[in-house]
Structure formats: structure tokens, C-alpha cells
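For reference, the structure discussed in these notes is given below.
Each chain carries a letter (A, B and C) given by its place in the written order, and its residues are counted from 1.
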């Protein structure tokens, strides 16, 4: 699928995505007063979880875990974040942008890996999205928050869109490198538009028995 | 193990179980004010997680994930629930009954899959139960509740009983289709009896350092 | 790697570690007022999760799950703990010591399993640590606590140290049985020193937006 790309470029993008997701793990650790070590662990988990879940669902040994480059990229992000968080905390906008880059890269490479292992259309699309959003879901679980991706629609939907472009092109016989690029750009654009305009899907708010909103994160409540 | 059954019947039962578990995921999403997308995701997770965990523990690629039928059954349940929750919320009794059907089907087919892959008695029984209860455990984790199956004994015990019937019959050389039926009926009956009479195993309540009961769900506290 | 050891000794140590971790799962269940069944389930999860995660990350079928000995050791620990918790609750010091033994055994055997399956230095060290700490992380997730290992540095660091000794010795060609012993003793010593002197890594405490400390467990706050 991605054979038109330079392997070095794919690796570089994957490492960039891993590093950026590692930062988001490190920032979650800082916000929850974890120590340096906790920040590194959380960064590795967030950086690698998407790819590990992808490989487990495909049924192959998790490849990123065997590659020290990914471990170093994610762990380094955790260390940097833990030490430099007052500065990094002020860089919310560039971090959000980099996070969207990571999401875009992972949904495309995840879908490509699923296709390369023979999965069908629906499975490959979902697997692409899972590769993008899996790290953030595990991050939120570990710090005891309901995964933000379940609460804010415009995180997973861009990933699904990007993966859909890749999968539909591949299944209709178009193996051009254009489609992964289009898929990644589509994912990136929708994600950035969602951030810019704080878009959300409608939620069922008025159900009796709804959960105490204090369980939600402060910054999420504000945008609702 | 289940070769005496029509594969169509097994597939139909598995899809029914997946759909019903998907509804329970969708209802949890509605209760936590997740949006439509969150409801679909949670429904897919709850509908497929039991089978995925089963296959990972056996050591084979997760088969349900590769089958768009399961994805459609679970995701459709999430969509329906999110859109129609005021109606579905009133259908608690039929949903509980269908959920017991899903539990009964999955504990039997899960145990059969474990046996077909050469696992021993204890492992196959536990794997059958995990197939039945895994989805609900993951659902509760994602919405930040202590898994209800850990707190209310008569959810996992019926699944263990049903799996035990299947495994013991198989290991003693009885490959008749009667035993999976008996196992499923036993699981179903015990589960329904537990619901009807609100049966629970004894808990250790008076330990110093016990956890604030506000962490427990309202409807669970009532039945204690 | 561990071929210099008697297989019986390794099995005995692994079963001891599984039993001890099962007790910690059972105690968590009692503290959260779970019933007898919940205590057994949590004990099995805590006792086996480290090894299962290890095998999934290596990419092999989880072996401990197929062995009824591990299931019996962990489940028995949960049963004993649930029934005898007033006594066991008073045995905090011997339990901490046994838990350190389990951590030391698992980080060494986990690293050895990773090496035997061809993983590199960084992956094998981390996998050894994960084998030791995975059970406790899953335990905390299931009872809705931020994993203690993320908050208290001197639980995972001893496991990393022990695994590092094993991996570096093996990769430099030293297959002597001395190194696993040294690794386990190093892990055990650092863990016990951490417990004795309540050592912790520095955390970032003063960040705006930090999380309500009521989410932390009482006994952890005291030691901060």
C-alpha cells in the first residue's frame, strides 16, 4: 500500500507521531502529579499503545515494541515533558497541531498495515482509527478519566475519514501514493477545524440517571 | 465441540449476543452523556471485547474483529440505542433477558473455542466465562466504574457454570450437542434467578479502609 | 538464559510470585467490598496479568493462562484473602516482603523470556519490568485507582534494575546463573529499601490544573 513511499519517510513520520503522543502522555502525567518515572511510562504507553493494539487485533507480534527507536522517541518525550512542563504547557497550540499530525500519520499507516495483513474494508478502517486513537484512550484510562475520544466526536471521526480514504482506494485497486497523502490531509484538516471551531457531535444530555459532570475534565466541560 | 450445531445457528446466536451486548454499551454511553459516535464505539467494544480477549488468551488472531457482521451488529446496536434511548431505557426487563441470552451463548461458544484449541479444563472454563463477561468489564472500565461483574456475583457465576458443563462433558468424551444446550440453559436460568431475586454473594463490608460507597453505582447500592 | 536453574525451582518461584500477587489482588477486592467471587477474579487477574501482557507483547500465546497451576495459585490466594482478611490485613510487612519477592522473580523471568524470544536490549528490559508490575497496574485499573506504580517510583525502578542486570549480562555473552540471581537480589534490595525509607522520585506538584488529591489513595498521600 505504502510501497510508493520511502521507508525512511514512513519511519520518520511514525517516530514523529510517537514522540508527539509521548508528549501528550507526559503532560497527562504532570497534570496528575506523577513523578518523572510515571511520566516516562505514560509517554511510552501513549506513544506505543495504538500500534500495539493494532498488531494484537491483526494477530501479529507488536512490531513497535521490538524497536528501540519507538521506545526512545516516546520515553524521551516523557522525560522532556516532565522536566520542561512549564514551558511545554504554554505550547498548547503547536502541541495540538503536532498531535493532529500524529493522528493523521497513524490512521493511514494503521489502515495500510491492516490491508497488508488481509483484513476487510470495515475492519481495516476501524483498525486505522484505533491505531490513531488507541494511545489516547489508554492514557485516559490510566489517569482515571473517561476517554476524551468517547466524549468529543471530532477526534476519532477524522481518523476514521483518513483511514476510509486509504482503504477504499486500496480495495478499488488504486495503489497510488496519492491516497494515503489525501487521507492524512483529510484527517488533519478535519481535526484542526474541529479544534478551531470547537465542534462536537450532539450528546444525550437530559437522560435521567446521567453521571455527575464533576467526573468530566474541567477543560472539556468548558467546550461543551 | 459444537459441530453438531448448524454453523448458521451458531453465527446467528453469536450475532444476537453481540447485538445485545452492543445495546448495553450504548446505554452506558447514553448514561454518561457520550455523543452518538461514543455510543457506537462503546457498543462495538462491549460487543466484541469478550471474543477478542478470548482469542488473545488462546493465542490466535481475533476472528470476530475480521468479520464485518460482528462490527455491524454491535455498531448498529450503538446507533439504535443512542437515537432511541428514551424508549430503550424503558425496556429494562427484555434487555436484561436478552443480555442473559448473550451471556449464555458466549460462555458456551467461548468454552468450545478454548477446547478446540487444546486448552485444559480450568483454562477452558475460565475462558468461557471471560468470553461472556469480558465485554461488560471493558465497558465499565471505559466509563470509569468498578466492573459490575466484580461486585455482583450472579453475573460471572452463571457463565462459569455454563462453561463448566460444556468443558466437563467434552473432556469426559461426550461430544453430544445436548451439553452445550444444557450449559447455556443453566447459565440463563441462574442469571435470570439472580436478577429476579437480586441474589448476591456475601461481601466483606466492615473492613477499615473500605472505599467510599459513592464510587458505586446508584442502582447497585440499592440492591445491597 | 535461565537454563542453569532447575525448572522446578523456577516454577516454584513463579507460583510463589503468582500467589503473592494474588493476595494483593484479594486485599484490593476486600478494601473495595467486593464479594468472594470478585476477590478470586481480581486475584487471578493480578497474579497472571503480568505474564499475559508479557507474552502478548512478545507475540506468543499466554502460557501461564494454559497452566492450571497458576490459576490455582492465584485463585487460591484470592479465596484465602477474602475469607481471612482480618488476619491477613495485619500481616502488611510480610506481605510487602513477599510482594518484593514476586516482583524480583517476575522481572528476571520476564526479561529471560523476552531474550529467549529474540527481543533487543531496551525491549527486554522493559518487558521484564512489565512482567513484574503489570499485575498491579491492572489491579488498580479494575478498582478505579491511578496505578500506584505510576505514582511511586520505587516500585517499577527496582524491576527495571533487576531486568537490566539480566539483559546486559546475556547480551554480553554471560549466560551464568549468577546474573539472574544478582538481578533478583538487586530488585529485592532496592524495593525493600524504598519501602523502609519511603523513598519517592520528585513529582511536579505545583502545576496549575493539577488533579484533586482526593483521587489518590489515603495510604499513598500519607507517604508523600
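Heads up, the rule we're going with is that contacts are C-beta pairs under 8 Å (C-beta built on N, C-alpha and C of every residue); 3 or more make two chains touch, one makes a residue touch a chain.
Because the structure is predicted, anything quoted here is derived from the model rather than measured.
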item: Size of the rotation, in steps of 5 degrees, that lays the CA trace of subunit A over subunit B; value: 120
item: Equivalent interface positions on subunit A and subunit C, same or different at half; value: different
item: Subunit A and subunit C: spacing of chain centres that average the CA atoms, whole Å; value: 29
item: Residue numbers of subunit A (touch at least two other chains); value: 56, 60, 141, 144
item: Contact set on subunit A toward subunit C in their complex; value: 29-38, 41-42, 44, 52, 56, 60-62, 65-68, 71-72, 82, 85-86, 89, 141-144, 218-219
item: Of subunit A, residues touching subunit B in the complex; value: 56-60, 119-123, 126-127, 137, 141, 144-147, 149-153, 156-157, 200-205, 207, 209-211, 213, 215
